[in-house]
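There are two complexes below, and they share chain A, which is joined by chain B in the first and by chain C in the second.
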Partner chain A sequence: MDTRKPAQDFTLRIRRYDPDSGEAPYWDEHTVTLEPHRSVLEGLLQAKAKYDGSIGVRCSCRAAICGSCGVRINDKPGLACHTHLEEALKRSKDGKITVEPMGNMPVIKDLIVDMDAVHWKKINRVTPWLIGKTPVPEREYVVDRVSMVDVTQTMACIQCGACVSDCLSMEVDPGFIGPAALAKAYRFVGDPRDAEQQQRLKDLAEDPNGIYNCTHCFKCVEACPKGVAPMNQIMRLRRRAGSDHHIDDRNNGHRHEAAFVTLVKQGGLLHEAELLPRSYGGDSWFGKFAPKAGAELVSSLPVITKAVLRRKVNPKLALVPHKIPKQDVKAVREIFDTIGSREERYELNLYVVGDDKDLEQPVAGAVEDRSTT
Partner chain B sequence: MPSHDVLIIGAGLAGQRAALAAAQAGVTVAIMSKVHPVRSHSVAAAGGINAAVSVTDDWRSHAYDTVKGSDFLGDQDAIEVMCSEAPAEVMHLEHIGVTFHRNDDGLLDLRAFGGASVKRTAYVADITGQAILHVLYEQLMKHSDTVDRYEEWFTTSLILDDEGTCTGCVARNIRTGDMEVFTAKNVILASGGAGQIWKPSTNALICTADGITQAYRAGVPLMDMEMIQYHPTTLLENGFLITEGARGEGAHLLNSEGERFMEKYAPNKMELASRDVVSRAEQTEINEGRGVGEDGAGIYLDITVVPKKRTLEALREIVNIGKDFAGVDITKEPILIRPGQHYIMGGVKTDVDGATPVPGLYAAGEVACVSVHGGNRLGANSLLDTLIFGRRSGEHAAERAKSMTMPTNDRTQLLKDEAEIKEIIGRPKTGRRVSEIKDELGTVMNRYVAVFRDEAGLQHAHEVVRRLKEEAKSAYIDDQGTVFNQDVLGAIELGYMLDAAECCVVAALERKESRGAQFRTDFPERNDDEWQKHINTSINGDDVPTIHYSPVTITQWQPEERKY
Partner chain C sequence: MKVAYWPGCVSRGFTPELHGSMAQVAPKLGIELVELDRACCTGAGVIAEHNQELADTLNARTFALAQQELAKGADLMMNICSTCQGAQSESQERLDANKVYRDHVNETLAKENLTYQQGIANKNFLWMLVEDYGLDKLKEKVVKPLTGLKVGPFYGCYIVRPADRLGIDDENPRDSYLSLVIEALGGTVIDYAGSHKCCGFPIITMKKEASLTMAARNLGDAQDADADCIVTPCPLCHLNLDLQQPIAAKLTPKPLNMPVLHLPQLVGLALGLSPKEIGLNKHVVKPTAVVDWSTSVIAGVGAEGGGW
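Showing the complex of A and B:
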């Protein structure tokens, strides 16, 4: 980004809605003059200050920390104060910057949505406070340094709702607990001071709208301005629930995942026809003969039939496993082996990064020297 | 008409801490905020919170550093309370869930901060305020059956009865435009600071002196209002803050000659001298032509000397701010900064329990002046201030409520406030726009009521503020609606800012010496004989505020020359 470019004109196309008027939403345009690296929020504020003070937008910090200004800009959710005008313009099809309220939440006025009705309700769903281990120590809980740095990634969530705005699962299932709330759940499940991790995980795994309801669409990872990567946190919750706490949930979420992994490991590619029976009956070839699998399969028959009739599925291709060259299967297995043999878990965490050579340097040594002089 | 034993206005750290303390004492509590609580400005606090938690540290050392930092204007009894109660407060935060950074032994890690003689700043990367604020909000959600939350409600006035006791407030539901009278046995003001009076400022757009002026208009004196902190490292570009944590981790300040100029001004503490000292040093370098950047108005902050891994782990937000708002990778190159308005040491005069001279009215946090910061606040002492005095006022107000009956309020103030809002909405578009007046105020204050001040500049600033007050009476807005009419609230906030600004200017004119954040080029020395006292400003109708003094409490530390 070049901060020295001179000011230029930007046209903002703002979606307006005035509940007082009783009229439908409409588009409103204003042209503002700012340097290209200024934010869309600064653009909105200039329009408000100069032309129309009635434009409704929540904002406070201007620096991507308070989480007030979540909106959709040219079809992508994000913070208005964290999106450069120039960058927004690049994504525009017609040379104008479109600003709309976030999705998946009811609009109150203009760009302001009702976060209580959706976002905060879901946050409340995950028992969002620490249930501390007892006895409470006299001083601090003594915990591993890295574990605190680890939960700091989810602590960094500013509750802006950008991830909620475009969550694909939530669109089809408004009951889904959703990315932000599940990231918040990880903040406690990952916190060694919490006494109820097992219960929390059980609850999230058993909930039909819980951790197994995410479709890995990455939308929340893309949307999040703070690198919280909610989907990653959801995957970690699943791993803890399934592998660490052996929670065999009634949604078959864990078995489905195990079956998925086994099939890919065996054949190098997924074999769809095997996936469903195994998810229901157990992660082996015999899975499909388990009574439970039978019952579930029968109940799934209408969907399967429909899919076949509409030519979404070709029975022949679906039933025969995919064939891929032997060396490719071998390569896939090697990946599994390498990762599986690692002692430490490789967690994608924002704060645990850096060059190894830096590790050897004393941390902030320069300070120590100076504060004693 | 909602009524509660304790009503808290403001849901930043001070307000939320007060609410939890009052709820724990077993009384009915309401907390009100014009933005959702987690959007409060406390969320922006980055660097950390001071407390002598280390076994090798002593709260008295913390207290002495604070007294010295205050340039001997802080009240030492209050400072003793704050510093001695700090370790327990930090442990409490840790127990309820704040994810404080640990050292390799699993204990709280501490970082260095300006003006401190040892490392005593606990932190969560550089999102300390956010981490604490969100954890307190978790507790409010947990205690939702005992604490009523009024989120997105805007307080317009405090209500006083005929005896001058505070009995509640009038507030507007921002979502609907409905006005309501809130009755309470005790009201705690926790509505934060006033940074928007200056342009630029590190403060959020909502820091508009609401509580300071509401109390002032109710007759409470404002104390130390001339003491405005300019933070040494705000982005040249837009005034955003680069946390002192950066210098705490070892970053250097450099002038155009590549010189670590702090050697000249504070040879012992260097970049980690008190904020007033560092800001003055920077401004001197800039004024004497050794600034950097396009018109020489900046200074380099060099964070590349901090190990990269450490920067990424402990200064993550600053990496992002550099990248997103200045286009600079701070792990690779220095970033352009300058001193910028950051904090108001002064505010509503209170005692160590948060009580103001008006019975039933408490104040805590940045809105208040206890005074623990005196002429200059040490970095990471503000979060501490909000929590300690938030808690104390919550506890005290709850106790007081237990022996009282619920007062009754009529609708007089509500009708007045409603009429005022109606009048603003109905103004013809002949005057100036609210945004224009706010802009002019900010620019003038940042020019004349800044790091260096003098009589002529302050006089000029005062004249401008008086004129803007007149113009504000006919300033017009566009929004005529009821739902989320932010426009009309902006006009009310402008009124708050103008009143508070006048108190700042008048107090700065009054103090004819240099102490802490007040540096008068026409009176460059500290003058303990005449000026080791607090300046208070009180409302005087529409006229210039009246001035009176109160003594500085000294317990164990006699004034001495301040050197870093």
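Showing the complex of A and C:
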């Protein structure tokens, strides 16, 4: 029995813009007739064929592999070829499916954006190829299974630019290298065959627009149609740069992280008043007296004064940290010491191991081992 | 109703009015807060960035402490910080997904005789209000509906993304709960472009200008949409949006003057608490419009008002 639903009408509201025309963007509406399981891309192509051949839309594989049909559908990024009309309609606010070009990239025409100007430029920035170790082995480089599956996550990227389109950090700071390029960087940093891991990390930590420019907003994780989770890869790059290679970066990222960890270890809770100066100065009691910390303090003085006057910040609280009970601080410190003193760092990559549901019997070694040095 | 309560560090430190207002609001709602005062910071994603297992173990310890309270009759674990929710949910996802990993983490906790059992219900105050307390019951408690008050919801990233980890779906549209609560309290919801964007706080020490530009744009969007105030379930968002607002304002051409309320403060207002009782006097940006509104309504119901 054929369970497919019959064709029905779908109204597409398409954002039209031709920068060469000198005219402002406008909304264009067309109603197409298709089965609900057909894609938004098919809807767009029908509109183009039937009503207006000038609609600018890019596609190639129509099967979620080439990455060329990235758009925003009802305010969410996605592949037009991989979004069912029925699904899109469900998410629409007023019964019409809104289709717009991706953000953070200049529009060439209608739904087509200039990927060269932003996305590919940034991808090229991270040396997107493997730099093999020497001497080259006689037969092949041998890579352990977990490492390979781990980088497969970033290899799944189809370069659609959806993550770039939605990156909130890039929205205010177009210089930021961004999610797709950094995920690509991890593809090589995470590959045991690459010879330049340390150099790659140093480069991305010292670039003021590098790994510490990500605001941790999860937008790219949600945007990505392929489960690449670019932000997770950025956090791994930071973990490797900071915890493994102790690379001091340009943007206080490593100092900030170290200070945070130290302060929670000391008191169980975060002592915010210490965190700020230490993030600029250094991770010690003296850190807050470093010139950089002082300069930051002076620039923040008007705000701090206001906060103190309004009793938002209590000077006593600012100087004396709030702590949890003594025996609990002790227990927390022991956890820090136990885990910190391990030779190996354990990381659970859900992409690699799946979850209980997928495993008849939990597999020993499902937890990934990482050498700390 | 009884909850194992995790207030977080910032609600006790830099935004004491958050912890304070929650303490005032809970008895009015008939909620007993059992504070998890032995638990430590969630790590805010930063400790996970340093060492994932360390962050997960610290959070597993908090969950185990909460589970002791659950065994004694608490209904669920609750926090009042989006960032805590995000960091805790992330740890929980990993701990719940894989027994080998969970056992490994529990081994470290064994020294304190603590064990985390898979599957704790841990919810932000916002989620709890809608899902466990119930909007109808909340409406019944409102003595001073927020009639005429135009409130812009600001969620912060960690409580809306990623949707699958945070249990957001058609049945639980947690990414629109703030609007539901504002409506239940009688207020007017203001839709604006920045409601689900990032406040910029995580990069305040790394890229101050980018961070505060984010804050300024969100505040400006709410202002353009004619909001009287913004409400947020996250104290860290509050720091960037309120405490830093005077500096953020320098990064946009238009003057900014947008009060930013913590969620329990907004609830408190509708429950009849005075602006001072819920700490509105502690904000850097004076919530003048809110207090004027409140005072005029208080005059209407004859309660004690003003004086902040």
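Quick notes on this one:
Basically, the second predicted complex is superposed on the first by the 273 of 373 C-alpha atoms of A that agree within 3 Å, B and C clash if a C-alpha of one lies under 4 Å from a C-alpha of the other, contacts with A are read in each partner's own complex, and residues count from 1 in each chain.
FYI, a contact is a pair of C-beta atoms (placed from the backbone, for glycine too) under 8 Å apart; a residue touches a chain by one contact, two chains touch by 3 or more.
Predicted model only: the values in this text are computed from it and were never measured.
Using the contact criterion defined above for the overlaid structures, shared-chain residue A:G56 touches chain B, although it does not reach chain C. In the superposed pair of complexes, A:I324 makes contact with chain C only, with no contact to chain B.
In the superposed model, A:I339 makes contact with chain C only, not with chain B. In the superposition on chain A, A:T134 contacts neither chain B nor chain C. Overlap of the chain B and chain C interfaces on chain A: residues 350, 353-355, 359, 363-364, 366-367. Every residue of chain A that touches chain C in the complex is listed here, in rising order: 168-169, 171-173, 176, 208, 212-219, 221-222, 235, 238-239, 242-243, 251-253, 256-258, 260-261, 264, 268-273, 276, 279-280, 300, 302-303, 306-307, 310-314, 317, 322, 324-325, 328, 331-332, 334-336, 338-340, 345-348, 350, 353-356, 359, 362-364, 366-367. For chain C in complex with chain A, the touching residues are 9-10, 12-17, 37-41, 43-54, 56-58, 61, 93-94, 96-101, 104, 108-109, 111-112, 157-158, 161-163, 197-198, 200-203, 205-207, 209-211, 213-214, 217, 243-244, 246-247, 281-284.
Within the complex formed with chain B, the residues of chain A that make contact are 1-3, 18-20, 37, 48-50, 52-54, 56, 58-68, 82, 84, 108-110, 112, 115-116, 123-124, 128-130, 132, 136-145, 148-149, 151-152, 155-156, 158-159, 187, 191, 193, 350-355, 358-359, 361, 363-367, 370-371, 373.
Those residues of chain B that touch chain A in the complex are listed here as 35-36, 38-41, 43-44, 53, 91, 94-97, 99-109, 111-112, 116-119, 124-125, 127, 130-131, 134-135, 138-139, 141-142, 151, 175, 204-206, 237-238, 240, 248-250, 268-270, 272, 305-310, 312-314, 316-317, 320-321, 324-327, 433-435, 477-487, 490.
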